[in-house]
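Next up, some structures in structure tokens.
In the two assemblies presented below, chain A is common to both, partnered first by chain B and then by chain C.
Then we have the complex of A and B:
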């Protein structure tokens, strides 16, 4: 089991207000989050979709609200290949698809990156220098340096070391060239003319793969449409860019209404009902279904389990594969061109303001706008009260490897919650937690100091200057505690306080995980004695946090100096949200 | 406090590097530390694996003394038992090592082997990771514990990678950039370490 370090998740207010586990729809508005009657249940199935670590949350300055990855609207800034890091213009995406069309491929076996290598042995270093500097010549293959797969295993070699994507597109597995639609037409024309120069074998089903067949079918029905109804065809012609905004679809819809709406044209179209023929021959894209699977079965019988492709391998493949039968064997797999990645900017779903915007250049990791929740709401960190003091860890072992802490049932244990204030105003924090955690195993929770103030954050420079002194202070305080016996947390008192942080103590009495010890339900019914569910032994405390502070009223850029002078222009702000403190696993026994 | 070696566990340089006396640095003249870098005990850096002479002529303009094997930026943290080893390959018929470059704020976990060609700024490499030869890791990348990054892989910025072989499993969120900062960790190590702030 992976060690569970204490964590804090915060609920985004965008999620539904169905706090009650019964799932009854609630009509409560989000403007009244202080509703005391219901507590947030972190174990409710819906909670999975609303809880985020603080780092994942953004903050809208205009709405004064937390925004999570689920509620923001994303806009793509740039597309790029994650392997060659080249930007792909969005116009290319429409024509070439969402994969890198350079030479970036992933291994079909292990999805590691593939590199182009020359099959020819490197020249002897003892030879003349002029020979050595000569670039190696082909043929080239794609090889995986992780699992040693090479494209020779599927019978594919390349003449040139660059433009692999285009070269691969013209080859099917086994090295046989793939016909393009144009080449196919050429060949079938020659065949019909009885050209003596035509290639040996006549065209068969096996020459036409799925992609070619699609383009043939498309061309055929296109021509059919053109013949029967030239007007409508103009619209359908642009099937490639479907979508209501494209001019093609628009003209199609227009022709539907104008063509069929009026009496005269209505009759006309009735008069000559469009008769469309179905595809009939191979060059029209018609293929007889090959129902004879005996060859496949024979191959399957002769091959070992390792020769068949796994589900993961099949899923990783490009969806439009030049294959005739369902992908079954490892030698049907093809190198996978890298899927493109994006840089995205994020907008607030309510006010449409941009809350995160990266630089459009791929090489630049900076952000132009980055309103993260961490710089507006307090950071909450949890650590066990009686943990081995971190400064006793030998410095050679730092950072300390987190050790799993098991909570003993029925024994009170204390945790220190540290709230760090990121804003430059003092804030007032009010906490509320249910006395017993929701769920079958109700542990009791006591927040020893549910209300406190945190001083304002100060400038980074002050931070650097004061730091030394502060650390000393902190140490002194700790030592003082040690001298006068072990310091005890007291109810209603803050445990520790720093420049912009406050620590308080939370006491929990973990419940026992014994199923026979479960109390009966409220109506005296038999409790649920089903076996322990996944992660049901994790002690999670829902906590409602309310932060209040006074801030300058929203000022425009440039007028900040005037508002600072004007002390009247301060307004009270409030932010309230649920969060979940995960403390650790309860020991069984 | 208890059993501090009389001379101090670490050698602290003028530029703020803290190098453990138990670290194993080979070919120190070819290792460049940017400053404020922590090198813990049992770390090995193979500075002896420099470029072989043949490539010096091909690079042309570079100074003759430039045979850096490992270049490390500021605020890097090399945990106990990690190994930095320049990658090598056959180049124009001759086997040669290529320099390993590392940016600022790079964390390398316990027992991790790094053979990358380049590692950007603000990169966290977990414990027990193998970074293959000629891997390029860009900025703000988190490599999860136990990952094996196959040779020649390129990891773009803001990726979270893990698994064997490693693949991109997630994206670093906008709010997570500050967690890559290693200034605080730097202070907790050395001859008079400060406690880790809560």
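Then we have the complex of A and C:
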């Protein structure tokens, strides 16, 4: 097991409401301590869903609260194809589905991107220039440049190098054209009339694939509904384009349940029972189940393992495949049109203000609004106090591998926490950590300086300009240490201070992981001596952070007269949250 | 301030480690072997007509002779005939129209690469492996020692295999010929210099 590098996770307050202390019996609420006194347990199963690194968190400026990816509301800004980066309007999405309908395909074998290439060799460069200008002519195929798959393997070639999606839709594997509903009707009509021009073979099951069958069934039952009950048919017809966001469909659903309009029509129809016939013929969408699998079995016998499609390959396929039997073989696979991706904006769940909004242009990766938590709450970094002095590593060389970070049980070790203030106001930070970490192996924790001020964030160049003063300060600290050996952290004092950061020292005494050394429970009962669970040896300290600062009050629009008075008025703000410091793994033994 | 000068980034080409004896090279006059390629070993290294060896490619004939077929392209930082200190005997044979891409390693020990095969970037061919014709070893793939790969095999995606059914061998030959044509103009070489160095 590798030792951990120290980390800091922050708990999003959204999980507070559903928080229930684990381990303790929840039956009696009166014996429960007050909400504020409860220690957050990073080992509770729920904690997995509420702890985030600072970089994942957003911040709502209006609620003054941290927002995590789980609690924000997302809205889709644009849909686009990840391959051609073309934006797809949401109206197209409803009619054409969630895949790229241009010429972007993924390889059915290895999901690599496919390219359209001409089967004909490009003209020789040694030939005359006039001949060179000739464009390569078809037929065209889709090829994968990674695994060398080509659509010739499934017998598909294209006449044109563009509009591959539409061309592919008209072809089944093996190059046979697929019938559309219109063509099918045409052919079956000719057949009935005994048209001598009609194709020799009558239409069979194999001419009708799943997609065509669905459209035929839909058309048939639609016509049946129209005959029996025009009103209901209209209802069902509009159900087809039912959108959740459309208020019309909502009212229709409501009326269905309340039975206002629907009940009337029901009564009316009770008089003459509607007789609805089921689909009977092929052109009505009826297909006899083909129970004869002997051809499939024969093919399976004749083929090797490599000829069968893997589960991954089958799952990657488009769900509505024109195929009669279950997808088994590699030559049943079809090029996969790229799934569309989305760009989303995020809203605060409470005040509905937008807290993250990407640029709607696909090629532009910037954000119009992005309120990341890192620019509002202090960054907390942890490092061991007695870390080896980081040398000036020359670029091009790797930094040295850090020494083992195992924590020795029963031996006090110190960690430096550095708080960096991102806001342009001085802040006051108050820390609280339980004296012993929750869990079976309780390590003791002492925060040497639980209360301190951090000066405001200023222009980053101030550091450089003030460098000499800083150096003086640093020297002072070092010199102070030199008097009595190496500098020692003192309780109640901060360890180091910079322009907008403060370092303090936390002392921990890791518990032993020996199961026989476990203390008995509070009621004297036998402690849990089950073997060590996964990651139970990680020393995690829950810490409550409270940040206070003064900010200018937000002046409301239109109150220009009062702003002058308010100019002096400062608003006191505070933000409090739980965070978890992961220090490392405790050594066994 | 003294530390700032030492941490200044230097970008110089690392020296070519030209250790080991110069191999007896038997290169065709139409082959293009870069001066900066490393040809070491005791057995013969034969490079047939119109093949191209990029700078910093390493051909080693310590345990056996190396034969490079016609119109092969051997990219930079490849290591053909690598022994890694093993006591292997036997050399390496590359067929015609073979491409060995950058950083690929082909171990010595009777290893054979069939014609028209492409060995991808940083791929590894174990010693004594027999790779058939028209194979594609995709980047970072590994062929185990002593393995026999049938013709037209594609090794991709952590060792999965399939058969190449494109049938574009003729087309690839033409592309390779043009590629060689261009490279011969781009790669400087001075056969006299190498001769002098060998002598």
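Going forward, the second predicted complex is superposed on the first by the 427 of 589 C-alpha atoms of A that agree within 3 Å, B and C clash if a C-alpha of one lies under 4 Å from a C-alpha of the other, contacts with A are read in each partner's own complex, and residues count from 1 in each chain.
We take it that contacts are C-beta pairs under 8 Å (C-beta built on N, C-alpha and C of every residue); 3 or more make two chains touch, one makes a residue touch a chain.
On a predicted model such as this, the values are computed, not experimentally measured, just so you know.
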Partner chain(s) touched by A:418 [first = chain B, second = chain C, both, neither]: first
First (chain B), second (chain C), both or neither touched by A:146: both
Touching partner for A:95 - first (chain B), second (chain C), both, neither: neither
Chain A residues touched by each partner, larger count belonging to chain B or chain C: B
Which superposed partner A:110 touches (first chain B, second chain C, both, neither): both
First (chain B), second (chain C), both or neither touched by A:488: neither
Which of chain B and chain C A:306 touches, first, second, both or neither: second
First, second, both or neither for A:48, with chain B first and chain C second: neither
Residues of chain A that lie at the interface with chain B and also at the interface with chain C: 110, 124-125, 146-147, 395-396
For the chain C and chain A complex, residues of the former touching the latter: 3, 6-7, 9-10, 136, 138, 154, 156-157, 161-167, 170-171, 174, 178
Touch list for chain A against partner chain C, complex: 109-110, 121, 124-125, 143, 146-150, 152-153, 306, 392, 394-396
Chain B residues within the chain A interface of the complex: 9-10, 20, 22, 40-41, 79-80, 90, 92-94, 110, 120-121, 127, 132-133, 138-140, 148, 150-159, 165, 167-168, 173-179, 185, 188-190, 193-196, 198
In the complex with chain B, residue positions of chain A that touch it: 54-58, 69, 80, 82-85, 110-113, 115, 122-125, 127, 132-133, 144-147, 341, 346, 356, 362, 365, 367, 370, 372-374, 381, 383, 389-391, 395-401, 416, 418, 471, 474-475, 503
